[in-house]
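Okay, so subunit A shows up in both of these, paired with subunit B first and subunit C after.
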Partner chain A sequence: MITIWRKEIQENITTYRFFVLTGLLFVLVVVSLIVSYGDYQLRMENYNVLRPQGSEAQKIILQPQPLSIFAKGLDANLGRLYTLSALGVEVHSSQQSINRLFSLFTVPDMLFVIKVLLAFIAILFSFDAISGEKEMGTLKLMLASGAKRAEIVAGKLFGRFTLVFVPFALLFLATAILVSLLPDVSASPEYWAGIGLIGGASAVYVLLWTATGMFASALVHRSAVAMVLGLGIWTLFVFVVPNLGVTVAQSISDVPPGDRVEMESRLTAIQSIYETLQRVKVTHEERDFARIMTQIHEANSHLFEQYAPRLNKLVGLTRGIVRLSPAGALGLFVTEVAHTGLSEDQRLKSAVWLYIDRNFKRLGGLEKGPVDQFRLEPMPIADILGGSTLADTIVLILFCAGFIGLATWRSLTYDPR
Partner chain B sequence: MIQAIDLSKRYEDGLLALDHLNLNIQPGQIYCLLGANGAGKTTTINLFFNLIEPTGGTALLNGVDCTKNPLDAKKHAAYVSENVMLYGNFTARQNLDFFTRLAGRRDLKKEDYYMVMRQVGLPERAFEQRVKTFSKGMRQKLGIAIAILKQAPALLLDEPTSGLDPKAAAEFIDLLIALKSEGKAILMSTHDIFRAREIADIVGIMKEGVLIMEKNSAELEAEDLERLYLKYMEVS
Partner chain C sequence: MTHGRHFLRSLVAREILENFLSARFVIMSLVSVALIVTTIFVLTASYEGEHRDYLGRVRQQDQFIDQFGHHNRLGWMSRQMRPPSHLQVLVLGIDRESQQENFISNPVAALLSRLDFSVIVTIIFSLMAMLFSYDAISGEREAGTLRLLLASGASRHSIVLGKFLGGLAGVLIPPSIAALAGFLVIALSPAVQLTAQDFVVFGVLLFGSWLYIAVFVALGILFSARSRTSGQSILKSLFVWVVLVLVIPNISPFLAAELYSIPSAAKIEQETFLITDRERDEILRKRWKEMVSTKYADLNQIIALGRPEIEARLAKDASLRSRYDAYSREYEDLVKQVNLEQRKKAEKVSETFQERSKRQEQLAKTLTSLSPSANFAFVATDLTETGIEAVDHWARQAGEYNRDMWRYAETRYTQEKEKNPAFDWNDYLDLRARPRFEYRPSGVGDRIAATAPNFGVLFLFGFVFLAGALASFQRYDVR
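Our next item is the complex of A and B:
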């Protein structure tokens, strides 16, 4: 196996394919770093401007996480300003520091590079592993020389994996070190643990796509056909399934789009009552004011209690469908590790509501005294790994094992003539 | 050394490519298989290397069953194809190194490869040259070098001189004669009746998967092989 592994590297490392694809990877990693760090700096500026000063407890804004440079995920949501009152939460959707161009183009963060480009490169490096060898006429000579088919499969799989993953791993490590040295970034042990987990998930992901390319290669007798087949599988799993998953989950879930509108309209109604009450307050009719404030709070809590489980169900369904693709599972895993995933978003929403519930009297001026400072620490890595990422990890490993199995099965029965 | 006992192959589409072939090639013998395209010559060689499985009979290399113990059997034979295709980006030495390692030999040094390349007649300048610049004759020689380094007692060649110019073909045949004198058992499929007559200890003629004639060199002395071949091709 080592002989074939070494041959695969020696044979490919001097080719145009290696230089062009590795060069492309390098360029995109650099671009991703520049763009993502620039955006992180903007969000940090935004955070520093908007974060509560002193006893200004009516504002909530989360500090951007350094790992969001690698996986932006829901960071635009997580970094929004929440203004609190006894009536509920006002979420500021437009942030001065968020790069507007990101709405037009896909954010080229490291997750994008891994999920899309690295999978693409792995396919382009493996589509000719078996069929190309047959076309050259060397497969027959290899087998006649006494090489075991299983050794050929393993040597080729790990050889091509090495060609894709090692340059990426070096670039990724260099980027992680560089980011840790940049201003505004505190590289804690959690940061390095996150980097390690993203690197590990990337390794499984690249192996998976290398096996997919080899499977396509062993399925047909012409490399050109294998490439088309491999890219077809890539398109299906990287673009179609994850995007379709979100749409399908929304359409089959029982959370109607109007729900949010309804919630907002009721909040508007509540707002008007509140303003009326404010006028009443001036007339010092304290008893009515307290009663209506409590009613508003209860109405809001009721809304939240009804809405939250349905939203959680939608999120769960989306996760389930998106996980039918390795790219989807990787995206969910990496964003969770980077503290920019769905769990972190759900945690923030719950924490904000609990905070309001706890402090609504003081926020509404029914009680004198200082309001607690809002605190929400990022979820520890150990908790993240024990949560939904466990399912993502299992899905990634199963996909990887499945495609290795398919590639091996087809290669073992491949006709070399 | 190279033995086929009632060896048969019928493909999935029903074509009977080989019908009860019997061969027995001893060490130091060259057996030339003649026949038109599709006669079953390549199928025979593929069966010895277990590239396809027989539907009947047995192929043996040094007494080892090629279907039941393919990896063991392959240790006893080396293969040279009609058009030796190697890794174009590798030098001649790198190709030798790779294929001999695959065959289980990891003890060889650069000088050992050079020695064999000299033996097969490759020019010194070609040793560290990329194979993609090689002519077909040079690649065939390199193919023989790979076979020699495997140190297998049997050699199976599938139309190795096809497409070679006369000089290159003559050099190739000289190499085979040298290997025969070292005691190798050689099975060569070919269309070249004249070369076959020149070097073969036994000549077999195949037609539609059947070995229709087999004569040794003594029997061929008095015969015109070309006429014999044409006669067998017309008959039946």
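Our next item is the complex of A and C:
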């Protein structure tokens, strides 16, 4: 197996394909780093301008996480400014809501490079592993030389995997070191743990796509057909399943959009103020602002408590459907590790709501005294791994094992003539 | 000339026949139909829910204003909502929920993109087009048939044109069948009411897809004519495909944000809020003090009292009431005046910011136009009223409506005040006969005209790639 692994690397490392694809990967990683770091700096600037000065307890804004340079995820959302009052939470525009082109296109971060392009490169490296040898007539010779089929499959799989993953791993590591040295970035042990986890997940992911390419290669007898097949599977799992899954989940769950809840909360507040003022007019009593605020807060709490579980259920369902694709599972895993995933968003919102609930009287000026500062540390890596990422990890490993199994099964029964 | 035409015709016929009989044509047709029909089916169900919710929200807000309408909080209670475009079953464009403007917005919309006809064309069909054309020239050379073709008298440019036109027919038919099947799904769905205009939109959108796919067929032939082997050709083609489809459109907004930086949007929001809130209150307090000390010094003691006591004192003294009413009127005018001044000041700050944001957006748009996929995305979103133009168009109409509504409320308030001088801003104001907001989408002609530059760029891309292929093949070694 080692001999075949070495032969695969020696044969491929000097090819035009290796040169073009590794060049493409290099360009993409560099472009992604420049763009993502620039974006991180803008978010940092935004944070420094908007963060609460001194005792501005009514303002909440989270600091951008260094790992968001690699997986931006929901960072634009998490880094928004929230202004709190007894009437509720006002969400301010994120830096990107101004330029609407951001909503039309995807974020070209490292996650995008891994999820979409590294998978693409892995397919292009492996689609001819078996069929190519057959077309050249060398497969028969290999088998005649006494090499076992299982050894050929393993040697080829790991050989092609090495050709894709090693250049990527080196680039990724260089990027991680460079980012850790950049100003505005504090590289804590958590940062390096995150980098390690993203690297590990990428390794499984690349192996999975190399196996997919090999499976396609062992399924047909012409490399051109194998390539079309491989890219077809890539399209299905990278674009179709996760992106269609989001809409399917939304349609099934029938959870109303946030706009509806916002409107209901707004109208409740207006009604409460209006009715109190009208009553005061008739009874000539003093305007009881405390009562108005309490009413509004109670109504908002009711709405939030009713809506949040439904929204969380929708998020859970979306996760479940999106995980039917390895690209979806990888996206969820990496964003969680980078502290820019769905769990972090849910955590922030629950924490903000709890904080308002606890400090509502002081925030509304109904009670004198200082309001404690809002604090929310990023979720520790150990907690992240025990949460939804466990399911993502299992899905990735299962997909990987499944495609390796399929590639092996087809290769073992492949007709080399 | 006639000889050349004859060759071209037979070459095109041969290409079409070869394509139609190939397994990839059958697979592509089946995949295209399955993909588009499923996507449209899912999006139609999603639109139905969204539309129902939109109608429900409009009704709820309308009923609220009917029941609790009052002048003071009118802007807060009357917020215009953008109706979902029924053509979002084809192209989702800018998703309302992905803007995440509410505390409880669904975060999924900001994390994951959704599949629609436009994504299928930009990514999947363009990839299919490349897979059909990457071996057009190099494949014939490898098979040894290129020399035979030239020996039979076919000119080099007729071979390239024949490959292009024949390949085009093979690549365009599956998406077209799929698009028609998808449109049939929409037409049959009770959730979407199609108009004659929608058929025009669909026709132009389909034409845009053809043009976009043709660009990639030309690109595949270009690299095929610049490569000795099909292996090299596919690698070069896919390299450029990745750059044009996946890299340029996605990095452009970020590059624009770095090249043309604008202040933080939240900071501007805070600034304008301060102008219309805290600063307004301070100015109002100052001018009110001036007003009282210069004109109503005699009411100083009364004003300091609580509302029930004031009412009691006014009820006893008629002259005091008329004096107090004069003061109240002038105070109301003062509030109006200060509000107006501060609103204008805030509007100026946000207008300057909006102008700069627009410039950044324009820069991003110019950068993205270096990619055919971005041009197609603009064509698709603008035609279906789901893009930037539509959001602006809606915002203009909502703004106009708000001004009309404001004028109407002012008139109604004045009428009530004339009838009853004690009537104030917090009293119920019957607004049931108010104008209602009805969004009018822009006309099809305007929408098509707006996409003309993008169509132009797509033509240019196709032309350059095809001309490049013709030029490259003139120097191609056919051995």
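The working rule: the second predicted complex is superposed on the first by the 379 of 417 C-alpha atoms of A that agree within 3 Å, B and C clash if a C-alpha of one lies under 4 Å from a C-alpha of the other, contacts with A are read in each partner's own complex, and residues count from 1 in each chain.
The rule is short, and it goes like this: a contact is a pair of C-beta atoms (placed from the backbone, for glycine too) under 8 Å apart; a residue touches a chain by one contact, two chains touch by 3 or more.
Note that the structure is predicted; figures quoted are calculated from it, not measured.
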Just to be sure I read the superposition right, which of the two partners does A:119 touch: subunit B = first, subunit C = second, or both, or neither? neither
Kindly classify A:3 by the partners it touches after superposition: subunit B alone (first), subunit C alone (second), both, or neither? first
After the superposition on A, what does A:136 contact: first (subunit B), second (subunit C), both or neither? first
Looking at A:216 after the superposition, I want to know if it touches subunit B, subunit C, both of them or none. Which is it: first, second, both, neither? neither
In this superposed model, does subunit C or subunit B come into contact with more residues of subunit A? C
Once the structures are superposed on A, label A:147 by its partner contacts, choosing first (subunit B), second (subunit C), both or neither. first
With the two complexes superposed on chain A, say which partner A:251 touches: subunit B (first), subunit C (second), both, or neither. second
Based on the superposed arrangement, let me know which partner A:14 touches: subunit B (first), subunit C (second), both, or neither? first
For A:417, select first, second, both or neither according to whether it touches subunit B, subunit C, the two together, or no partner. first
Taking the stated contact definition, name every residue in subunit A that is touched by subunit B in one complex and by subunit C in the other, in rising order. none
Give the list of subunit A residues in touch with subunit C in this complex. 16-17, 20-21, 24, 28, 31, 35-36, 38-39, 42, 45-46, 49-50, 73-74, 76-77, 80-82, 88-89, 91-108, 112, 116-117, 120, 124, 224-225, 227-228, 231-232, 235, 239-240, 242-244, 246-251, 254-264, 266-267, 270-271, 273-274, 277-278, 280-281, 284-287, 304, 307-308, 311, 314-315, 318, 322, 328, 331, 335, 341-342, 345-346, 349, 352
Show which residues of subunit C lie in contact with subunit A when the two form their complex. 23-24, 27, 31, 35, 38-39, 42-43, 45-46, 49-50, 53, 56-57, 60-61, 64, 68, 70, 73, 76-77, 79, 81, 93-115, 119, 123-124, 127, 131, 135, 230-232, 234-236, 238-239, 242, 246-247, 249-258, 261-262, 264-267, 269-270, 306-308, 311, 357, 360-361, 364-365, 368, 374, 377, 381, 387-388, 391, 426-428
Within the complex, which stretch of subunit B touches subunit A? 46, 49-52, 71, 74-75, 77-79, 81, 83-87, 89-90, 94, 98-99, 101-104, 143, 146, 150
Can you name the residues of subunit A that touch subunit B in the complex? 3-4, 7, 10-11, 14-15, 136-138, 140-148, 415-417
